[in-house]
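These are the structures, in structure tokens.
In the two assemblies presented below, subunit A is common to both, partnered first by subunit B and then by subunit C.
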Partner chain A sequence: MGTDRYAYQSRLRRVSPLPKLALTAAALLVCLCCNSVWVGLATVLVMGVLITALGGLPARVYLHFLKIPLAFLAVGGLTILIRSYPAGAAVVAALPVGGRLWGFTAGDLRQAASLFCKALGAVGCMYFLSLNTPVTDLTMALERLHVPHLMVELMELIYRFIFVLAETAASIRVAQESRLGYQGFRRSLRSLGTLSSMVFLRAWRKAERICTALDARGYTGSLTTLAGDYAPGLWLFPLAAGVAAGQLAVLYLERMAVG
Partner chain B sequence: MRHSRRNRILLTGGVLAGLLGLLTINAGAMHIAEGYLPVNWCLLWGAVCIPFVAAGFLSIKRRIDAAPRAKILLAMCGAFAFVLSALKLPSFNGSCSHPTGVGLGAILFGPLTMAVLGLIVLLFQALLLAHGGLTTLGANTFSMAIAGPIVSWLVYWLLRKAKAPASVAVFAAAALGDLFTYVVTALQLGLVNGGMVKFLAIFAVTQVPLAIAEGLLTVVIFNVLEKYSRAQLQELRVL
Partner chain C sequence: MNPAIETKALCYAYEDGTAALENVTLSARRGSITGILGANGAGKSTLFLNLNGVFTPKSGQVLLDGVPVRYDKKGLTALRRRVGVVFQDPDDQLFSADVYRDVSFGGVNLGLPREEVARRTEEALRRTGVWELRDKPTHALSYGQKKRAAIAGVLVMEPEVLILDEPTAGLDPQGVTEILSLLAGLRDSLGMTILIATHDMDIVPLYCDYAYLLGGGRVLLEGTPEELFAHPEALRANHLRLPRIAHLMEVLRQADGLDTHGTAATIGAARREILRLLKEEESV
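Up next is the complex of A and B:
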């Protein structure tokens, strides 16, 4: 589902999740704090290079994933970009509607562009984590970061059950669609309602059966697992520092160029 | 002459871009994307969430200490919320969106439990589907797992106390919870960049039909559940 499939194939899969988390956090923080067009673009590019070169992900897949948040970013950017000005204001492009100008000035354009690029860079950082680290490794890392045990266990169980329920939902959906269950609004709504409630029912039943099975095997209230064998991946720490330094260098160059 | 023609081209282009925007906004409109909020706002929304999540965590812990089986059930409920939000919801204008599950979750599990389950589900949505993000997790959790469910839950129980029919209460709870989530999201975006009215206007156009669709869907779900799983609903103390 989504990024998960690629995370299991990544070459960094066997590397301990903590250094990967550190790299993502450092790059993300610097990218957010810089708030500049070029740092954002540089970040998304560097993350792309790291994911493809270190993780072995095809560049095509990375680009495909970058498209997902684009819709939100484009609409959000437009909303910030378009403002109303009194007639005669110094706008770059505008439409006169009802005696006022609706458009953007150079400052608006700069603001929207920096927001857009910053967000793109941040998305790249997030992908470095999610395309190289399966969720099960991540929950292990959270456990080591002293997130409460119950919370981590809930996360692991939810993660597992997501796939079980998604499969159930997908097969019900196919059955409904093959019986023309999604023709028109009313029928779609009814089919979708039936589907959701059936998934809920089955989830409940499945949960009870899992409980019984666990009880039969001596369940005492918690599922303990051993941590996997990871490569320490300490070389990722200097890399994280290098990436952050590179981002700051881009910021410095940009400041110099703008003056 | 030439001036008016250029204006007309600009206007057409603007309208087309706007329509395109309205059609695509539905996919991930609710989740504030990664990197969209400045660091101080991320921290602020995260801090606002902490007391609610902590209270929810303690209530879950109490339930599990009383009955260990509750853990598996709660995890199933969390997974159900994730799968529900990944379904495609039909809408009046032909575009597709995803139900939020805010109303149903709040009615079934209560707002406190919902805060914790919602946090986990939103984290998985950010990691697995790139809906939302790690830094905006606090803001998204507040709008979708705390503010919306609280409104839904209050509306549901007030209407039930007022002897309204169950379907009316469920519809109002789901639709209003949905709308309130949008309002909070618009507020979160507007506080940072200004133009709150614009965000609200865009959301009003695109999300009111979606909220109604989700309300209707929740009623259908609830009717089926009432018919076939009375025991479970009673165990969750919904009825």
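Up next is the complex of A and C:
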């Protein structure tokens, strides 16, 4: 959960999650609907500026996080870009393979580029949320948005116990490895199987003990807690509107330029 | 004055019928630390869950301030408010990834107004020394910090009786001292009644005012730590031992024929004892 660590250090950490959610949602929606190269690029840039200027995240870290989905985006873009055409089609670049041309036309290039940039913009929007808002704040916001109580509580518990179970799994794995449990394919498979079943069993037992511990603290069927104090962050709403307007302006300029 | 909490002939059996507690009668004086000593499987944890109403005894009574506990919804709510339990593994207790929110949970459950929950949460976090960590996610805390956060989560309910299962297990020596000074502070400044289950014998003479030896679900011995240490054979029969210092004094007495009194179990007491022996030697 790399992003969560930075979310806790963000200058926007103490700002209410709702306006942050609103800004993300607005920018994301506009970016996806515009379906344009320049809007996508503008979005990822603006989000980078907001994350570094408002959240205080070093630009280096933002770029590092952008690199992670880049591989997926590149693969996705390529599969859209490269197609097969009959010989003699108007391609920009292509390789002849067995009587057909494998390559792309100008239209393909536009489509792949706009998809790539749109996705990059969307990733930027999601990073604005996840690099400035810890998961626990997010679940709190979902609750305020009247997402069913049960779902929110499950999200919270799952998030917390991902770490507990990951720790358990890691320590079992070390214990197995220290006794040569992962030498050879067959033995690795068997050890992995034991590990999975052990983690499952421990999760089961843990659930029972958590229930006891919650009972002891007066649990009556709902995991209501007190949120820390948030700054209202109302100024983020006009900012969200400004970002959306900027995106639309970029779209307008692009249309004008293309004519 | 009534003891803060006591049991009378408490019996408890698991669902499969194995007896876990048999005729356990004990009491904890208000504003004291009572040690419940016993090996693994002696029934300490079962006893504590009975004291907090998570388990319902088969027979016998749990009394709070001399009044028997009622096992209806209202009675149980009152019991859990007045008797707080801190479990051995803090990962069993901390359910939220946000320390502040986890600690506030018990306060919210009491139905207190928002400001009061916030005040108590802050006080509990400060008292346990995790106030600076409130903005960190739970999984970024060390084991000792998690333990203190778990204690804060119970203190927020402002219980009269605080029960801790193996509070020192898994901590480094400094962590042990920190937790125990915290408990001694709660006893001395708030007059809290504290019960700790432990098999860490060296902490018993330092922090416990009274102690019970539990074995096979029964109370085998009770008394001040010094009185218990006068029965090393009973402790050893139950997979426990004397504190190291008390053991040293026993060896000096039995193997070397020194005239040590049997009760010195702390460094301070042993030092006085040795100085006394030296003085006697000089005067002879």
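Here is the rule we use: the second predicted complex is superposed on the first by the 247 of 259 C-alpha atoms of A that agree within 3 Å, B and C clash if a C-alpha of one lies under 4 Å from a C-alpha of the other, contacts with A are read in each partner's own complex, and residues count from 1 in each chain.
Basically, a residue touches a chain if its C-beta (ideal position, glycine included) is under 8 Å from a C-beta of that chain, and two chains touch if they have at least 3 such contacts.
Worth saying up front: this structure is predicted, and the values here are computed from it rather than measured.
Superposition of the two complexes onto subunit A shows subunit B and subunit C fitting side by side, with no clash. In the superposition on chain A, A:121 makes contact with subunit B only, not with subunit C. When subunit B and subunit C are set side by side, the one touching more residues of subunit A is B. In the superposition on chain A, A:217 makes contact with subunit C only, while subunit B stays out of contact range.
With both structures placed on the common chain, the touch criterion links A:75 to subunit B but leaves subunit C unconnected. In the superposition on chain A, A:89 makes contact with neither subunit B nor subunit C. Judged by the touch definition given at the top, the superposed model places A:33 against subunit B, while subunit C stays out of reach. By the touch criterion defined above, A:136 reaches subunit C but does not reach subunit B. When the two structures are aligned on the shared chain, A:200 is found in touch with subunit B, with no touch to subunit C. With both structures placed on the common chain, the touch criterion links A:228 to subunit C but leaves subunit B unconnected. Contacts of A:106 after superposition: neither subunit B nor subunit C is touched. Think of it this way: put the two complexes on top of each other by chain A, and the tightest Cα contact between subunit B and subunit C is 10 Å. In the three-chain superposition model, subunit A touches both subunit B and subunit C at residues 4, 135, 157, 159-160, 164, 206, 210, 214, 219-220.
Of all residues in subunit A, only 1-4, 24, 28-29, 31-33, 35, 40, 65, 68-69, 71-76, 78-80, 82-83, 93, 95-96, 111, 115, 118-123, 125-127, 129-130, 135, 138, 148, 150-151, 153-155, 157-162, 164-166, 169, 182, 185, 188-190, 192-201, 203-204, 206-208, 210-211, 214, 219-221 touch subunit B in the complex they form. Of all residues in subunit A, those touching subunit C in their complex are 4-5, 8, 13, 134-137, 156-157, 159-160, 163-164, 206, 209-210, 212-220, 223-229. On the subunit B side of its complex with subunit A, the touching residues are 7, 10-11, 14, 17, 21, 24-25, 27-29, 31-36, 38-39, 42, 57, 60-61, 64, 68-69, 71-80, 82-84, 86-87, 89-90, 92, 104, 116-117, 120-121, 123-124, 126-131, 133-135, 189, 193-195, 198-199, 202, 213, 216-217, 219-225, 228-229, 232. The residues of subunit C lying in touch with subunit A in their complex are 49, 52, 54, 77, 80-81, 84-85, 87, 89, 91-98, 100-102, 104-110, 114, 117-118, 121, 134-140, 153-154, 157.
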